[in-house]
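You will see chain A twice below: alongside chain B first, and alongside chain C after that.
Here is the complex of A and B:
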């Protein structure tokens, strides 16, 4: 049981990081980026290429971050900047459709370039784990958890201390008022979107170290969106907590129902939450 | 599409042509291709009722398609005529929609696509776990297998689907659901029972999708039980309808035709190049051409008319 919980927590941290990227665009601009999972898988292939060139997966994160930031900028400029002024419902619907097309494009492009085979990055330390109090902890999972904590700390500093972080929060609360106070909404949207895409680099590497193929992106997106809906909007700690919650919930369900229903548990909880608590479990209203 | 003499003549001659196609050309390849086309049209038209006319974009249509396939297959293999089995498959899909789709309609409408996507994934995984082996036909069923009966059944289901959609859309119900798409709040304020009509649209749409699934189950000798539940069956009608023309009756047919043509052109290449091209076209259409390919034809016809009138003036 303790072992199950540890795996749940480590997986949950990964879900939390995926969800942060989705929550950033959804919270600030009400864009629902279904292609986020596919971008993560794209990053995983990038990390695989760098690994074959002899770069350690964890060292490749900064490189991937920059590349994905640029990709995010290009995607926003070419596809996602056309409906900034729409109403909330229309923004969700349009962004979702565009991202849906984008997801198909990225997935099939990846299949064309790298074939549909399952890949995995295997550095020398990939199977190593150590034992504490009768519980085995895998090194890579632990590194992922630590990365998640560091990431949340940095994001927190970014949102509370920098001018740009404050403008992002202002826009997410009330974009009209923010623009009246002199915040450049277009720039804020652009940077938020690009940061969200560049945040995909960390789950890229962590998923790359497990296993991935071109079409699994949507499944990882689902994990992320479940967490975002559980957490509600406007609170990065809520997102991380909800991630851990989902991870532990899945682990417990594996313990009782067996591994095949792991994904079903999360999805079923998600549907229930959407019906019963439209504002999310840990969410505040608005903001 | 207006009902006038020219259109009726066009439709009847098209149907007659499709009825006599297998008699005229004895090509199994062509018949299989047309079968696929009828299946795509059934699926896309049924999706269009919910997504195009009611404005509820669903990414979980595969759940209803798969449910129809599953139930039709079991009823049919229980020595019951395929027509009854098809209806049974359709009804089971509509029931599934009533049980799990209706709660999704209660969500805020912007979350409907994600909610239905989650349902489709749940269905795919669950069916894959319960029935992990491929289902094959027994010897006696294979001996009496005949592609022509499949062809005509698929054709009639496709025609039936288009007819049902037409009758629904040009009725009082159709006016109500289009009003919901345009402005749900305003429709409710004018006395339209929006939730009831959304449920009705969802159930008709799933019934037809279930019959499409039944065709799939009738056509294939052997397949994994969860393969009609795969997400690609949910993405396909979304793509073809948007590209052909959302909220029109001809649109999904045109979209399916283009999709099938592209997939045949790129059939030998690795991966799914046609989906890649369609995905990209889909983005462009959502951004720049919300009326789909149909609207190009309409515009050019209008332009030709205007030019014709100008010419006439000069003369």
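Here is the complex of A and C:
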């Protein structure tokens, strides 16, 4: 059981980081970026390329962060900036539509370039685990979990101590009022979107170290968006905890019901939570 | 300082402001009174750049504001306390005030300005770590005004400050408005509460269904029988 829980926690941390990227964009500008999963897979391929050039996957994270940040700014300016002033409902619909198209383009480009074969990055420490109290913790998983915690901490500092971070929160709560304070909201949207895409760099590497192929992006997006909804749409802080919750829940269901029921249990509980707590577990409108 | 000429504003296909012209000079307190739906808030939104006028001009210190974006207009010297306060609900009192000092110049003087604001509104200092949404109506209004002051701008727009506030609190806030004006800040106040507003203002304009219908010295308007009938609920003598 302990073993299952550990895997649950590590998976949950991964879900949490994916969800963070989705939640950031949704919370600030009410865009649902369904291409987030594909961007993660794109990053995984990037990490693979760098690995073949001799760069350790974890070391490639900062590089990927910068590249993805730039990609994010280009994507926002080219495709996502045009409907930033629309009503909330229309923003969700339009962003979903554009991002879906983007997802198809990325997935198919990846298939063209790298074929549909499943890949995996295999550094020398791939199979190593620690053994603690009769429980085996894979090194990679542990590193991933630690990275997640560090990321959360840095983001927290960013949102509470820096002026730009505070302005992102202000824009997500009342963008007109924020502009009355002198905040350039279009610039804020651009940078928030770019940060969200750059946040995909960590799941990129963690998933790259497992297994990936061009079209699995959407599956990771699905996990992420379930976590976002569990936490409460627009809530950026509860997202990581909700990720852990889903991870542990799936792990427990595997333990009791067996592997085939893993996805089903997660989804069933998701529906149940939304029925009982329509605002999400920690949520209220606005973050 | 602020001069508006022949302003026409449409809200989608509906014309809301018709040929509106007025001016506010340095260090004045000028009022715009009118009933609900007259177009007062629309006018302020046009001045602050949240709305684009269809035609006409808005000049501030010689600069045309018409097509500038809101954050640029704040940078030019105009701050607004919006209708309904529009605080950042999940941010603390202190964070709201800090957001008020977002502009580069204001940020540098943040600590001093904060001290001043806490002197004017001591309750904000007490509640500095509380979330804005947990404050009472009066406290929220004070926070909204304090936040606008943090920008250190010399022109302040006040939109329906007294809405929803108890009379004693309203008196208190109007006194503070006079204080702020004495410190050198020009004020354009938009209100439904006519008597209080006219008492503290130098001059006033009356807006009815999107048209400026009267203007003049505030005390004179206060004693005008038509105004009394229309806005002060008094029957003609």
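Definition applied: the second predicted complex is superposed on the first by the 273 of 287 C-alpha atoms of A that agree within 3 Å, B and C clash if a C-alpha of one lies under 4 Å from a C-alpha of the other, contacts with A are read in each partner's own complex, and residues count from 1 in each chain.
Keep this in mind: a residue touches a chain if its C-beta (ideal position, glycine included) is under 8 Å from a C-beta of that chain, and two chains touch if they have at least 3 such contacts.
In this text, all values refer to a predicted model and were calculated from it rather than measured experimentally.
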| item | value |
| --- | --- |
| First (chain B), second (chain C), both or neither touched by A:135 | neither |
| Chain B versus chain C as contact partner of A:170, first or second or both or neither | second |
| Which of chain B and chain C A:182 touches, first, second, both or neither | second |
| Which of chain B and chain C A:89 touches, first, second, both or neither | first |
| First (chain B), second (chain C), both or neither touched by A:274 | first |
| Which partner, chain B or chain C, touches more chain A residues | B |
| Residues on chain A engaged by chain B in the complex (per definition of touch) | 32, 79, 82, 88-89, 92-94, 96-98, 100-105, 108-109, 111-112, 115-116, 218-219, 222, 225-226, 229, 260-261, 263-264, 267-268, 270-271, 274-275, 278 |
| Touch list for chain B against partner chain A, complex | 57, 59, 100, 103-104, 106-111, 113-115, 117-119, 121-122, 125-126, 128-129, 231, 235, 238-239, 242, 270-273, 275-276, 278-280, 282-283, 286-287 |
| Of all residues in chain A, those that touch chain C in their complex | 163, 166-167, 169-170, 173-174, 176-185, 286-287 |
| Residues of chain C defined as touching chain A within the complex | 48-50, 69-71, 74-75, 79-80, 82, 86-91, 95, 98-100, 102-103, 106-107, 147, 151 |
